[in-house]
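I am attaching a structure below and will ask some questions about it afterwards.
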Amino acid sequence: MKQMVEQNDTVVLIDESLKKIIVDTNWKTDKIRGIGVIDPKTLVGKEYGSKFVIGNKQFWVLSPSLQDKLQGLRRQAQIILPRDAAHILMNCSIEPGQTVLEAGIGSGSLTIALASAVAPNGKVISYDIRAEFIEHAMKNLRQSGLTQYVTTKIKDVTEGIDEKDLDAIVLDIPNPWAAIEHAWKALKVGGYLCTYSPLISQVEQTVKTIEQYSYIECKTFENIQREMVVSKYGTRPSFDMLGHTGYLTFARKVQVL
Amino acid sequence: MKQMVEQNDTVVLIDESLKKIIVDTNWKTDKIRGIGVIDPKTLVGKEYGSKFVIGNKQFWVLSPSLQDKLQGLRRQAQIILPRDAAHILMNCSIEPGQTVLEAGIGSGSLTIALASAVAPNGKVISYDIRAEFIEHAMKNLRQSGLTQYVTTKIKDVTEGIDEKDLDAIVLDIPNPWAAIEHAWKALKVGGYLCTYSPLISQVEQTVKTIEQYSYIECKTFENIQREMVVSKYGTRPSFDMLGHTGYLTFARKVQVL
Amino acid sequence: MKQMVEQNDTVVLIDESLKKIIVDTNWKTDKIRGIGVIDPKTLVGKEYGSKFVIGNKQFWVLSPSLQDKLQGLRRQAQIILPRDAAHILMNCSIEPGQTVLEAGIGSGSLTIALASAVAPNGKVISYDIRAEFIEHAMKNLRQSGLTQYVTTKIKDVTEGIDEKDLDAIVLDIPNPWAAIEHAWKALKVGGYLCTYSPLISQVEQTVKTIEQYSYIECKTFENIQREMVVSKYGTRPSFDMLGHTGYLTFARKVQVL
Amino acid sequence: MKQMVEQNDTVVLIDESLKKIIVDTNWKTDKIRGIGVIDPKTLVGKEYGSKFVIGNKQFWVLSPSLQDKLQGLRRQAQIILPRDAAHILMNCSIEPGQTVLEAGIGSGSLTIALASAVAPNGKVISYDIRAEFIEHAMKNLRQSGLTQYVTTKIKDVTEGIDEKDLDAIVLDIPNPWAAIEHAWKALKVGGYLCTYSPLISQVEQTVKTIEQYSYIECKTFENIQREMVVSKYGTRPSFDMLGHTGYLTFARKVQVL
């Protein structure tokens, strides 16, 4: 473990409101949102885990964890939140060494979570029909140091999947049902399909399509997270709460009877 | 990928109610709960992903995924459910290659999830004061093929932690506050502490103790999962729902100011 | 306030598990479920609020409250739970003196709540197409002493509503959309429509139909209740929890533009 | 039922965003928040349920329902929301004709709900130690036309309750435990106590105190409400959701053994 920030390190700066900014010490002097103008080289030599002042704000400096990578990414579109990514990883049984397909790539938040979970010897293949989304997501992946685990394709997953024997396929597209048959063909036996959809009608059409193919263990979940506030005044659930993100549907490929 | 069950394989049998039984083809003919008397060798040669009859029940046979390992374990005590394990892995930023400590081991459910996430080059150290729990959990880990990633110790975590520079520490003990100081010393800078407690008073004492040490990002969450039932009659949330499992508190080590 | 149970009183007996049995002191000696064989006349002279033994069980005796009437009713079908009835009363702005229609009557649980809320000078009209449900519900209403506020009709609400200028209409039928137009005609200006449906597809068809008529404030809610367990061991949400009862849709009649 | 707004009527104006403003036609020309300068007399002659323009906004005009009275009140402090008031009314079995005590009065939101439920022959007694809160709440009650059912006292409920044989007592004060003994003495046998508290520690101290007196059926609930959004795009739970309001604890007086 490094004690100090060294040249070529990528670090996360965490301000007092817990906002996170990922900074590469090789970047040139520039204005960084949330910090102000900074020469990233001045971070070299700071002690990891220490707190210091930049401009008029205090920051902790740390080596970026998976959470930092996810919370510090630049959003282009609505992202799959870490809490939902956690359930996708678990319910799809993602493990190091696996080969996993996702479509679409969005801002790369799920891509980061998947890449981190299949490393150091696995692979994420990511389809998206929008080149600019892939480009933006790859910036986030570079910042997270995870590009080596990711292959991208400008491709519509509803038109077919090139790969075979996949361990898992995650669909975050408006019409996941249109890729269910392709997914079945591309998955290994026992492999997992997951779809993420905000609307009930999407879930219904997806589940009905899944039932037409040889999948088992088809389940749909919604995850709700409550934060508990513990303070000197007492303990209570937070007054603020996110109402809905999306429904997660899971299923698993078996053989045709 | 294997097409057929081979000698020495461990498989999962899934019945029509989705109950899962993990079977090692090397086991001797015996009565297995949920199946009846079976000679596991007769499974050799079955096609993975196929369905067949044992006794008067139908089973799918698959190579065990992480979910199968978790759902097929033999419980000795209340376990940390996969849904909570998912949040522990994500909020502690568990990645392949890390070294993680847990206490206590319980039936080994979280141990399996952690071992699977830090493989192939990481390590889980598991403390428990009850030798019989360690023994039982190790049976579950053997069945899951994950023992190589796990070291156990008969040791009370509230009396000290031998290891240093740990990436994460997860405490599932009745008095986690008593190990907060030890945890701070044993964690690497930026490393994560997680405690799992069913009671509010446990959360309060834990958070108040965490605030006395150099931790940041201290947050407590409760995760609620709703299953959606999609059938030919229509779609609705399930009438059945688990009310409460436990509160998860997370915090992260920084330097003393 | 009476101190003692007198002749002709109806009382509620509450056992230690909080199960409630409503008993009319005029009933003949009989076997009553949850108590055993009892001559209800022996209750006369007991002090209200006291606890005594019948058979081998202890019971509190009280004058029945609305909650007792609802919890002590005999179910023939799935009932609208008091927690949902509470929201119906509030969101329909039910007040003493109003005239309210419900369809169908079910086991009379919502009928009891409505009758209690519109008393002493209001009226509940209850339609059901099944004579035996009306008969069963009226038994529950008699036991609750609320029959004077209720008029029943063997009638299909989707074929029309006889009444005019109603303060509120509550539909607990499988196809509420088929009565939306009739409801608009039967409501007073500013009057409330409520539908109770377990399925999303029912909600969707209902809301889409409501939008074709002059209703405002159309909203759909789901109510989730968590019980908190406070014991000497500590405080936590209950491990048991009801997942889903039904969706409540509300809307309010205005003039045609 | 009146067809037209008449002199002396109090009406509710509902704008397109469903914001509600209660207006008394006897008020003088004035600036009203949410409307602008208006001479309330110009509302006389408008058809109930019709929509018309004031300034540059469109409004529906209706005779105020209980919901309108609650949603249209002027807040001075955090109020008990209608959804929580609904559960208080139901779990305390509030019925027309009862005598109910509340402390404190806050902005009068619960007072309005209670007054509306005990009318036309019941009574609400409301204690508050702050004269200005009583004054403000009475303005809201006057606007709602419910003052005749309410008596206020500048009095600390933790120092004693003057009344006897009360049907229910609702405590919305920071230290409800300090009034539990007084409440027991003031309630009728079978009468309900309710406390509303945002913090767990308040619930714990309240429940522990309740257990020292002759109360039964002591239960604590938290109510969570989810809105469902039904639109042309599809149906889903709302992304916005209120996380926590307060815990409701209920108990019921019986005789000392």
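Should a chain be cited, it is by its letter among A, B, C and D, assigned in written order, with residues numbered from 1 in that chain.
Just so we're on the same page, a contact is a pair of C-beta atoms (placed from the backbone, for glycine too) under 8 Å apart; a residue touches a chain by one contact, two chains touch by 3 or more.
Owing to the predicted nature of the structure, the values given are computational and were not obtained by experimental measurement.
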C-alpha-based rotation, subunit B on subunit C, 0 to 180 degrees, nearest 5: 180
Classification of the subunit A:subunit B interface as same or different, half of numbers criterion: same
Centroid distance [mean C-alpha coordinates] between subunit D and subunit A, Å: 45
Mean-CA-position distance for subunit B and subunit A (Å): 22
Whole-Å gap between the CA centroids of subunit A and subunit C: 47
Multi-partner residues of subunit B (each touching 2 or more other chains): 200, 222, 226-227, 235, 237
Of all residues in subunit A, those that touch subunit B in their complex: 1, 14, 18, 47-51, 60, 62-63, 65-68, 82-83, 85-87, 89-91, 93-97, 113, 116-117, 119-121, 165, 188-190, 192, 200, 203-204, 207-208, 216-217, 219-230, 235, 237, 247, 252-255, 257
Subunit A to subunit D touching residues, read off their complex: 198-202, 222, 226-227, 233-245
